[in-house]
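Read through the structures below before going on.
After this come two complexes, each holding chain A, first together with chain B and then together with chain C.
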Partner chain A sequence: MAPLAGPVMKNRLKVLRAMRDWSQAELAGQLDVSRQAVNAIETGKHDPSLPLAFRIARLFDMRIEEIFDDEV
Partner chain B sequence: MMKSDLDDLAAESAQSADLAKRTALGIGGAIALVFIASMIAGYVSVVIENGGPSLTDIGIISAMAAAAALVAYGLWRLWSRTNPAEHPATGPGEARLRKRQRAQVITMVFGAILGGAIGFMTGFFDQGDGNLFAGDWDELKLSPALSLLIATMSVVVFLLMPIRGLRKADDYNREVSLIAFTGGWLAVVTAFPVWAALHAGEFVPPPHAFGLFAIAYVGMLVSLLQSRWWR
Partner chain C sequence: MSSKSNPNLYYRLVDLCLALTFISLVVGIYDYTVAVADQSWDRTLDNRFSTLFTSLGILNFILSMTIILATSLRDEFAEALWQKTAGTMLRAMAILPPFAMIVMMILWPLTPELPSPLDSYLAEDALAEEGLKLEDVTRFLGTIETVGTYWSLTMSVFVFVFQWHRWRARS
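Entry: the complex of A and B
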């Protein structure tokens, strides 16, 4: 069954976080969101809003499309 | 400042945040569970006085028991099982997150205390013979001052705090909350015609406002749990 909030994009957030040796809580604090939000994005249960996607891209110094893949 | 001093400060801050969270969950959870348990006890005593349970009574009691189970499940999920002193904040992000969590817990406890106070005052100071579940509104009597106080507190708990919560929440929690609110709304717009139809067929008593309020709340809780943990 499709999620209520629509299709979810694939992303590399977990890999990028692991490369910096950050916990979910650390990344959440850096992004000013809850740890549950980071977990939901990493496990593909939630797509971030555009402003949050930009914050994530800026934090990792990458472009949005290098982190998120819309070909589900 | 030396690194060891910073580590001590981080550990101390983590411990106090965890203690605050456990205290808040303990107090808030206890108030919520006592409130629901007293509602069940009160309802069961009225049912016994009236000569036994009907199908609606069983449904309402089951819904209240489900609400109590959901509160207990939520407490179990939120209760911290690690010692924060052994896992101090590793960076500025975690420290900022703990501050955010502390603010959330304080809000939750404030809401639980206000909600519990509304339930307690409604039950304890009621001067009439009315019963919220039976829908006999004319029999419910409160002093004018207390009724104004409860009405004001209800606006704070059921309107202002959810709106404030939505404004403060991040994307994900806002999405989860909106799904929960939608679940509550769908539960009411479905429950009313179903209840009315079943009443017309003489299966159940007529629909009443408090029953629909309770159905909305259970619908909201179930939707919240579904969107948060089971999707």
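Entry: the complex of A and C
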């Protein structure tokens, strides 16, 4: 399926979540978004907003560019 | 994006709205089919299932409106789906009406001739005493009924298209 809007960035969210043994619902709860939003980001259907990308980076204690790759 | 008390609530509302729409459709199609079969248009929905159908309709109407208007309930993915749905609806509004009119013109001769439900409660003599013509009153009430129908229909279709985009994003 095509992403919701334009090309979508690659990301390591699924790997980082698996490393912490979190479910999508648990990660969604920590990020204050729905489980569907986490699933859509992980599967490349949706690019997070800049504020959400920062929240993700802070949660994993990493820089945004270490999680998201803008070379589509 | 502001903090959401429960970001999943919006999707639960969409699920509930779709379930109610499905039940309403089943009841409505069954009722219409029976009415066409026994030529009892004046009995449809006024007598059968009226309480159920009205309750479902009102609840569905409120839910659909909430889904469309309640920005604060949407997280950013729901907002993206909402915007994609709005785009789809606008494109459909520009393209589909001519096709709908052609289909209606083709199907019109096949439609059983039923009296207008508006005529059933408009007494021509009583209207004449008030200086009103049945044709004018029927046209006026018909316009209101049409606007109301498309109002609720458009909101239901919006929820359906939203769910379609949601399914596509999930697969």
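In this section, the second predicted complex is superposed on the first by the 68 of 72 C-alpha atoms of A that agree within 3 Å, B and C clash if a C-alpha of one lies under 4 Å from a C-alpha of the other, contacts with A are read in each partner's own complex, and residues count from 1 in each chain.
Everything below uses one rule, namely that contacts are C-beta pairs under 8 Å (C-beta built on N, C-alpha and C of every residue); 3 or more make two chains touch, one makes a residue touch a chain.
Being a predicted model, the structure only gives us computed values, none of them experimental.
Asks: Once chain A from each complex is brought into register, does chain C clash with chain B or fit beside it?
Replies: Chain B/chain C on chain A - steric clash.
Asks: For A:K45 in the superposed arrangement: first (chain B), second (chain C), both or neither?
Replies: Both partners, chain B and chain C.
Asks: With the two complexes superposed on chain A, say which partner A:Q36 touches: chain B (first), chain C (second), both, or neither.
Replies: both
Asks: Looking at chain A, which partner touches more of its residues: chain C or chain B?
Replies: B
Asks: Could you say whether A:S23 touches chain B, chain C, both of them, or neither, answering first, second, both or neither?
Replies: The answer is first: A:S23 touches chain B but not chain C.
Asks: For chain A, what residues appear in both contact lists, the one with chain B and the one with chain C?
Replies: In the superposed arrangement, which is not itself an observed complex, chain A uses residues 4-5, 28, 32-37, 40-41, 45-46, 48-49, 52 for both chain B and chain C.
Asks: Which residues of chain C touch chain A in their complex?
Replies: Spelled out, the residues of chain C in touch with chain A are 1, 3-4, 7-8, 10-11, 75-78, 80-81, 83-84, 165-166, 168-171.
Asks: Give the list of chain A residues in touch with chain C in this complex.
Replies: By the definition above, chain A touches chain C via 1, 4-5, 28, 32-37, 39-41, 43, 45-46, 48-49, 51-52.
Asks: So in the complex, which bits of chain A are touching chain B?
Replies: So the residues of chain A touching chain B come out as 3-5, 22-23, 25-37, 40-41, 45-46, 48-49, 52.
Asks: Which chain B residues qualify as touching chain A in the complex?
Replies: On the chain B side, the touching residues are 89-98, 100-101, 170-173, 175, 179, 227-228, 231.
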